[in-house]
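Both complexes below contain subunit A, partnered by subunit B and then by subunit C.
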Partner chain A sequence: MYRRCGRSLLVLAISILLVPLAGCWSSNEIEDLALSTGLAMDKGQPAPVEKELEGKGSTYAKRNRVMVTIQVAPIKSKGNQGKDQSGKQSAYMNVSGSGDSIFEIFRQFSIRLDRPVIGHHLKVVVISVDLLRKQSIEQITDFLLRDNNIRPSTLVYLSDGPARETLISKMPGEVPSFHIAGMHRNQSRTSKVLDPVTLTKLDSLTHSRKSFVLQTLVTGGGEIQLSGAGIINGSTGRFIGSLNQEDTESLNWLIGGGDAGPIKAYDRNGQPITYELLSMKSKITPRTEGEQISFKVGIETEGRLIETWDEQAHPTTNEYAEELEEQFEEKLQEKMQNLLRKLQTKYKTDVAGFGQRLAIEKPAVWRKVKDDWDRTFSRSQVTITCKVKITDFGSFTEK
Partner chain B sequence: MLSSVIDYIPGWNVWTQAILAFLIPILASKIYKKMYAITGKGKKPDTADSKKAETLLEPSGAPFSGDYEADIQVIRDRIGGNSDLIFREIRMEKTNVRAALFYVAGMHNDRVLDLHLMEFLMFEAGSDTINEPGRIRDRLPFSCLLEASDLNSFNRSVMFGHIGLMIEGELGGLLIEYPNGANRSVQEPLSEALLRGPRLGFTEVLSENTSMLRRQGFSDQLEIKTQKVGTRLRKDLALAYIKDIVNPDLLEEVSARIGKMDFDFIAESGYVEQLIEDNYLSPFQQVQNTERPDRAIAALLEGRIAILLDGTPFVLIVPSTFSMLLQSPEDYYERWLPGSLLRMLRFLAAFLALMAPALYISFISFHPGLIPTELAMSIIETRQGVPFPSLIEVLILEVSIEILREAGIRLPKPVGPAMGIVGGLIIGDAAVQAGIVSPFLVIVVAVTAISSFSIPIYSAGLSLRLLRFVGMLFAAFLGMYGTILFFLLLCSHLTKLKSFGVPYLTPVSPFRLRDWKDLFFRAPLALMKRRPAMTKTQDDKRKS
Partner chain C sequence: MFTRTDDRITTSQAVVFLTNTVLGAGILTMPRSVTQTTETPDSWLTIFIGGAVILPVILLLVKLSQQFPGQTVFQYAGRIAGKLPGKAICMLLVVYFLVIAGFEIRTLAEVTLFFLLEGTPMWAIVLPFIWLGAYLVGGGINSIARVNQIVFPISMLVLFVSFGVSLRLFDINNLRPVLGEGLLPVFAGLKSSILVYTGCEVILTLVAYMEHPRQAVKAMIGGITIMLAVYLVTIIVVVGGMSVDSVITSTWPTIDLIRSFEVTGFFVERLEFPLMVIWLMQMFCNFCSFFFQSSLGVSQIFNVSYQPVIYGLLPVLFLSTMAPKSLNDLFHLGDAIGMMGIGLFLLVPVLLSLIWLVRVKGLKQHV
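After this line comes the complex of A and B, so read on.
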């Protein structure tokens, strides 16, 4: 009895010992990892550090087609305990490398960094338009979409200049990728900010082979600005041109994405008058007459007069409101026409969803034209009617 | 064709895994069964042996001889060696008969003894009272008067605190008055304090405890049955139940298990609990203990049985289920909305007390992607100086908190809170400053500790404290996967566990919708018209 008991105890002890033998499976302490919070892609050329390293013969077989910069945050700081000095040093570190496989470049970073990079916390991907002129967006985002760790909620932006410069900030303690990731919150303040495009959305956009726009970033003076949008051609996946801030705003109104921001016009006396949007509705109605496709766009907006520099005006009467409404309508019409001219004649692409409306309302027609939609769109006639309604004049005192 | 079939036959490593996956559970259950069999649950083997023990225990010792001198001599020989035994021989004036009093010092109020008892015996008791054989019991004016059957039981009773009286010419000894040793006054229950509700707590005296139960309300159905337990030092144990509610099968089972207890001394009701529980290997208590008469009587009305033991204020309630561990009488005393809120809060607290450190470890060491980015950044910044992996870090702090709690119980009352502050605040802060642990962990451990304090039953908190460490190990080995595995193991254990035939997880599994009224939230009293289904009571209506 005693021996049997002892043996079963032995078996028990051995089976318990098996557990710690396995160790801490795939355990990785969080402080021993580097979070990549931002990713920038530029056209291929060796990064400065890389150039020096390559000069010493440290390189591998590659073609420089893309330069990838990752932002690692937070960086190791020894003086972490001293509370007064934290915040003065920069909170991030950018690492660049070039090559022709994004994954390989990532792994190449691993022979330069002291901590493995993980992609879970990637917030933004910034792609320079120069790179997108050469490579299609599908090629360069393929890895990002395949990787299991990178979240599909990562935001995608374009950059007018070198993308790696958008990941540099002068503000101490600020991580630029968080700054960029947070910028779309201003959608409630201006329509110049488009709905952010996430990786999942990008995936569907590229695979549907439709043209689309991505918001563009511009750097200057150590600051970052959202400046218009870049048009990506659906069939080639390449960058074909950009819309400026105002066109982007108009586009946002046209696709029903924005309902904030000002419309500024000049009144009879040449003084600026500003209208604040409170709501914005747009409706695209396709019409077909034989082969000819035309669109009717109705834009309705309500808002208030928020600012006027005209001291002579008596801004309480209905007549005055109607007069202003007319002026704003004119302005809005002008902005829309500008946008459409650019889309139809300059870039010859539909990024405002005209095709989608047609596909919904007249699927039979759409099936015929969809293969060559961008060209068909550029030939079709678009009429725009704008309706501005001033609901109030804000709070002010009668003189 | 055949080759394509062969292609699908897995390789040796898959086979090994399959065999392991098959064998390990079998092995584990074998080991479990063996360990379970080792103790035999503290029960006596049935019938024949137990009768032997019974005889051993109560030798039908020497009967009284009837000869006063001889009997006195026997008694003095047997127990006269005790220095606290007081022997007083008196002569009864009216009848001129000798009598002897035996009692143990300190068990009685001496003034009462001197004034009433001695006076009566020496000067008042007359020949009409004594000398009529067999009538002496009726004639003596004591409310509590017992007759000892033999010398041995007479001796034992005297030593336990009765006053023994031997009268010349009488066959047998008389036992007067119950023992009245040093007692504590009735106090507020220390381990189950409430803001609203009776402040009364059980004491160490069985008769007081049963009377407290009785005083909860008029009823002739509350039955209390007393029996002696312990083989060497015998003690009173009482079963209390409500006759027309309790399930007779349950009552039978409880009495049977108590009858099978074989231990020389039952020091506290914890002994009873451990000797009658269903599964001694389970980390969960299958018997609830309480200091509160109101909780005990409420349990009786749900068809449960209370086990009261002399010498302890802790009363056992059987059968008990998991949901009872997180219930507090206050849930019922307050209105149902706050009662429900507090109860759900307690479920959350129990979950945190069990899982918070395990979750911390799995997030920090395995799944950095599941932490919000900003938090991940600040954790990285604060943990940069910490030299240990998260398991060691958590263990350091958890163990010191546990030591602190343990120390807090031993400390004298005025020092206790100061110690808590010194331990909790200063050690925590200093450990962070010294870079041994991260500040985030201090929050986790503090939340865990606070959560475990909010569990209304102390021993349930102990189970969770124990399991917390197991959970931490699981998390350290396998991360979130291990944590979930641990939770599933717990769940599967709990579903298998039974307390006196009642499944431990009762309203959840087996599913009894009727009892969900009183699980995560407490339904308004007007809706709780029936007793819980789990106890299978004789009369399940709470409304007439």
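After this line comes the complex of A and C, so read on.
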């Protein structure tokens, strides 16, 4: 009797367990969600659709300080598996809205879309420099760092023009935010691509109150280009100016981030000669004499002569290599001086990690100058020595 | 071998038991709590010194327990300090274990709710864990030790694979300069680095169950060494990967580190999910260990049988879990537990050892 009672109790317990086995409490079908893959932020003004909606009196209490555009992809997960997907249908959809709380704007999208937006798969955030002239980067990324859906691995870029335009692509079937997220893979080909900045990195950069650069996107003809970088001032968090492609490349070499790409110079006959980087090393050494701080920068690179338009035959000898090395060193020096002039004279900001080197090697000195570092940096003396070593001439020799 | 019911654990089981009792939720927040107090990249040094400080404490706990072979603190405290004072001290210990058990389960629930199961009610996460814990604890120390033995290698493997893959973010400059602000910040962080070892009081009962109590010193030092190594690797990898500034502002820095990259082409692209799911098992072991200690305590202090006590403690544990009202409360509770730990250390092993020394060596009494 007692045993039978126990057994039926066991059976009951087991059958109750069958119920929770069927699924997860807070599950969501992925088909019923709108995955946002890209996010663009522009200076505040009502988006075109919003203007019309507001014209009909559909509005809420807000100040237009930022315009947020999200990219939802794919817009249809069911139904377009058919083979005759002739590319007429776009693979993504952009929605814009403006206001003064990014979270609130996100929730406003929810009264316009048919599926809830989730941020788990957000890949890129593009911020227009115009917005960063008015708002600090800390203000506009606060929500992104707090949210539990958005991963801190999301990449952050700036945009010269309106940021929402970077999320538009002409190529059929392509999702622009995936395109942008993949662009940093070209680091192995050129040094004009900076190390991608994730939200985690951005958080540490803004919290440390040091100035830094973010790579800038430019759009034109339906295409996107990584074009230089924008400087964010550490103490204000505002955009203060940009570096062009070539300065960005030099900066990348200076901070030891890039070790690929060409250096092009012109030889005695005025013909282009091009050097391919195989390795690039830089070392910043701080020196202090009393109050005066100075830096010695040593840049060393090895590579090959990859192209020359000089029709005059040059023997593949060490003497010729040395002659070329000198020309490339001169070019490299010139590029570095251009960059330093911009940083020290024009923008008066250190984004190349001089401060970090000083903090590591002379912490006591750093403590004294760190509060006004950008100004101190712009007054310190920087000497650069470049050393180019040509190791080979490729698979083509001349006598 | 698999039907042992004699309530004895081997030396290696004791090592894992201690490790799994201390390594729990702390690892998810430790880089922040330590770095916040040092505010320099030297927090790994702090952890190291914290380990060195905790070592003599461990030795004292073991040596005291070895004087009473086969007896737990709940049994011998009365013999040293007198019946009533002994019971009072032991009750404090039981309350302490109950609070930590609740704290562990609550942290587990908070992390799960925030990152994995948004929308599930708290009780739906907490209750199954508590019930399952009751089932395991009912099996006695041997079952717990065996579960620990199974969980420990798995959780370590997943943790270290996650850390290994995260090395792509590692930048040695984030850990420099070493001692740039001098030694002062290192010692300022000492308090928070000792707190991560809370829970090692279980030694007071663990030694009694060891098959070879003479190896207790070796086993416990082994356990502490493993913990120290895990903590050191954690703080170096997390601070090195995220930098001091980012660690300070992150609520769950260890998870945020793993969330900061995607591994395309790996069998899972996002490692935070395997890590969190596996770490839930680790926190479960943690919880069961404290659950076991408190049930054992109640049953031995009041001389009641062990099984009913387990069920009697279930509602108490649930209350202890649900008591903190917010995440901030929870973190404050974590700090409070650390302070309680230090207080209890002074009250239990130090005081008991002193009384024991005076009575045995001074008054030549037979205790």
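The criterion applied here is as follows: the second predicted complex is superposed on the first by the 364 of 399 C-alpha atoms of A that agree within 3 Å, B and C clash if a C-alpha of one lies under 4 Å from a C-alpha of the other, contacts with A are read in each partner's own complex, and residues count from 1 in each chain.
Just so we're on the same page, a residue touches a chain if its C-beta (ideal position, glycine included) is under 8 Å from a C-beta of that chain, and two chains touch if they have at least 3 such contacts.
This one's a predicted model, so the numbers in the text were calculated from it and none came from an experiment.
Look at A:363: by the touch rule set out above, it reaches subunit C but stays clear of subunit B. Legend: residue contacts after superposition of the two complexes on their common chain; A:118 is shown touching subunit B, with no touch to subunit C. Of the two partner chains, neither subunit B nor subunit C is touched by A:316. By the document's definition of touching, of the two partners only subunit C reaches A:153; subunit B does not.
With both complexes superposed, B is the one of subunit B and subunit C in contact with more subunit A residues. Contacts of A:26 after superposition on the shared chain: both subunit B and subunit C are touched. Applying the stated contact rule after C-alpha superposition, one finds that A:292 touches neither subunit B nor subunit C. Of the two partner chains placed by the overlay, only subunit B lies in contact with A:35; subunit C stays clear of it. Using the contact criterion defined above for the overlaid structures, shared-chain residue A:11 touches subunit B, although it does not reach subunit C. Comparing the two complexes, residues 24-26, 151 of subunit A contact subunit B in one case and subunit C in the other.
The touching residues of subunit B, counted against subunit A in their complex, run 24, 27-28, 31, 34, 38, 363-366, 368-371, 373-374, 376-377, 379-386, 389-391, 433, 435, 476-479. Those residues of subunit A whose C-beta lies close enough to touch subunit C in the complex are 24-26, 145, 148, 151-153, 198-201, 203-205, 207-208, 356, 359-361, 363, 366-367.
For subunit A in complex with subunit B, the touching residues are 5, 8, 11-12, 15, 19-20, 22-31, 33, 35, 37, 73-74, 76-77, 80-81, 118, 120-121, 123, 149, 151, 175, 178.
Those residues of subunit C that touch subunit A in the complex are listed here as 114-115, 117-121, 124, 169, 173, 176-177, 180-181, 242-246, 248-250, 256-257, 259-262, 270.
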